[in-house]
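Dropping the structure in here first, questions after.
To keep things simple, chains are lettered A, B and C as they appear, and every chain counts its residues starting from 1.
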Amino acid sequence: MRLSIASALATALIAAGAAQAADVVRIGVEGNYPPFSQVAADGTLSGFDIDIANALCAKMEVQCEMVQQEWDGMIPALTAKKFDMIVASMSITEKRKQVVDFSDPYYDVPSRFIAKEGAFTGYTPDDLKGKTIIVLRNSPRADYIAATYPDNPVLLVDKETAVYLELAAGRGDIAFGSSVVSGESFLKQPEGKGFAQVGEAIFLTDGADGGVGIAVRKNEEELKTKINTALAGIIEDGTYAKLEDKYFDFDVIPQSAKK
Amino acid sequence: MINWSIVIETLPAFWHGLQITLLLLVISISSGLLLSIPLSVARASANPWIRTPVWLYTYVIRGTPLLVQLFVLYYGLPQFDSVRESALWPLFRSPWFCAWLAFTLNTTAYTTEMFAGAIRSTPAGEIEAARAMGLTRFQVFRDVFWPGAWRRALPQYGNEVVQMMHATALASTVTIVEILRVARDVYTNYLVVPESFGMAAVLYLMLTVILTQGFRLLERHYLRHLDPKASRTQAPPKGKQHIADA
Amino acid sequence: MFYGYLPMILDGLRVTLSVASVSLGVASVFGMLGALAKLSASPVLRGIATIYTTVVRSLPDLLLMLIVFYGGQILLNRVAEARGWGYVDINAFAAGTLTLGFVFGAYLTETFRGAILAIPRGQIEAGHACGLSGWQVVWHIMLPQMIRHAIPGFTNNWLVMLKATALVSIIGLDDMVHRAGLASAATRAPFTFYALTGLIYLAVTTISILVLTAIERRYSRGVRREATR
């Protein structure tokens, strides 16, 4: 009695979701990674990731639905089938490849340290001894910091924009973030005054090919092939170049995809 | 069903998280208890100039989610240069301080109302008798008023401590790695529910049982002048009491 | 003052209020079933109800929510696959309202149990003696009095649930707190938006208290009149 009512209720609640789930490709996106993804004042999503996702959908000739998901639960939500693919600037790493599959990379930009101008002269573990490093949780950057600076205190935050909020707030001494996101969303803003990207530009790989890819669940070869074909298609027909120009004054296209 | 190698691998992390949860609970509850004793007296005062400010404080705290209070303190305050340049900044910089402050402000508000209710329900005769015996105001408070109020509030207070223990899970949203944060990280890395959230559930369940039993013993100690059977069957009130009863 | 994000936050309030009211509906169903189970003659039902209320009150709401959101979805996927239903989605709204309903159902179980027990048996017997059917006894005698006895507990649970909706932002439901986070990141004015959100919660709480006090007065009218006569 109790169970049947509960399940009837559950069915009623999720009926709407189930009805449309069949023929729509749902895309997990993030919203805290400008200029790749952000939420405008009217609640609409925009950014390079969002435009790429829409371009891919048009190319694949499928109907798409964007599902906004916090970074922290992105892969769990994909494997729980909350959506079918992730277009959220997710780096291709060996660690992630154990649980999800990736498309070919669709962009590649380096990571860099961001700190007060002139605060540091070098960036070896000795130079940064005892300094708190701010970095995004569950990211290859966090793994890199943990491996390279094992003795430093690390502040792990839930979203990339928070990396810079915390840096500006002074909760850490130096941040390690995306060179593009820090440039666009922080250094160009009033709060970013006096801060600069420092040290070398680092392309993180952990042994995988690197770059940023579109994640799909394991054993979904058909969808993965479709995405790769569509990706090659939008690079071929110039859509990709147009989007690249819209957001950046430099190339973000991965070496491997260059013609 | 359960992958024991994951359990063993993540056990040290959970053990550490458990200690952090307990630490958060102890520091918030102890400061909350200290603050709410004088505040509850003020709240139960006959003088509106003393009573009203305390009412406003508990009303605002009890009328807003703890998560929002925590976010205002942790993410909100650094918005102001004056805060970042003030002498207090080294404190507000720390997620620990913000979590402690938010939890303390929160539990103090609920505990204050609880104690104030208990104080208000003190039989007038007790006070009159104490006064008639020539006790000073302070003695009346210390020896008559407070012990009685504490006894009456105890079952409810035990409930508040358990609720606060559960509330420490919110510290996971401000970079503090307590039980729930460990569980979320284990889930993200291994994508298994029983070994992550299940493990956390076992830990919280254990803590709840220990706390509940502890308070039952305390009640038995403080309320032993009453029928022990009656005190055992008296269920603590359900859920956090809210403004409407104030 | 709010950088144009005010409409977005207020739209988030709509989400918050719908989560809270749907959750209350779900909680009432769980609570009623729980109360009936606790009062039933069957030891199995009583046992289930006791485990339900004990476990729910022993775990943090946020943990329960994550378990339903991820664990529940995975379980549902397995069942759906086995039975060939195709994909059934527990979206953030369903997970949030189901969890909150499930959690607060445990608290309402006690409220409703108390409300049923508060009705004097003699009244029910009198109803039958006057020739009312079982259904009429429930409708005309039990329910109106249950509402009166349940209102204080119900009020309290509504106010607590309203605040608990803030947690759904953590599982990604686009409520007021979630939007305050997005607006904070975009404008770098977190205090402005979290404080605004806090004030809106306070306003909703205040309005709720005023309305619920009025309702309580309405349902207790008969009782008070008798008392003063």
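Quick note on the criterion: a residue touches a chain if its C-beta (ideal position, glycine included) is under 8 Å from a C-beta of that chain, and two chains touch if they have at least 3 such contacts.
Keep in mind it's a predicted model, so treat the numbers as computed, not measured.
Q: So which chains are sitting against chain A and chain C at once?
A: Looking at chain C and chain A together, the chains touching each of them are B.
Q: Which pairing of chains accounts for the highest number of C-beta contacts?
A: More C-beta pairs are in contact between B-C than between any other chains.
Q: Averaging over Cα atoms per chain, report the distance between chain A and chain B in Å.
A: Centre-to-centre distance between chain A and chain B: 38 Å.
Q: What whole-Å value do you get for the distance between chain B and chain C if each is reduced to the mean of its CA atoms?
A: Computed from C-alpha means, the inter-chain centre distance equals 23 Å.
Q: Got the chain A residues that touch at least 2 other chains?
A: 73, 76, 165, 168
Q: Specify, in ascending order, the residues of chain B that touch 2 or more different other chains.
A: Touching at least two other chains: 75, 78, 173, 184, 187.
Q: Where in chain C do residues touch two or more other chains at once?
A: As it turns out, chain C has residues touching two or more other chains at 70, 74, 170, 184, 188, 190.
Q: Can you tell me which positions in chain C touch chain B when the two form their complex?
A: 55, 57-63, 66-67, 70-71, 74, 104, 107, 110-111, 152-153, 155-157, 159-160, 163-167, 169-170, 177, 180-181, 184, 188-192, 194-195, 197-198, 201-202, 205-206, 209, 212-213
Q: If you look only at chain C, which of its residues touch chain A in the complex?
A: Touch residues, chain C against chain A: 3-5, 7-8, 11, 22, 26, 29-30, 33, 37, 48, 70, 73-74, 77, 86-91, 93-94, 97-98, 170-172, 174, 179, 182-186, 188, 190.
Q: Where on chain A is chain C touching in the complex?
A: 1-2, 5-6, 9-10, 13-14, 17-18, 21-22, 31-32, 34, 38-43, 68-70, 73, 76-77, 80-82, 159, 161-162, 165, 168, 189, 191
Q: List the residues on chain B that touch chain C in their complex, please.
A: 60, 63-69, 71-72, 75-80, 162, 166-167, 169-170, 172-173, 180, 183-184, 187, 193, 197-198, 200-201, 204-205, 208-209, 235, 238-245
Q: Can you name the residues of chain B that touch chain A in the complex?
A: Spelled out, the residues of chain B in touch with chain A are 75, 78, 84, 89, 93, 95, 173, 175, 184-185, 187-189, 191.
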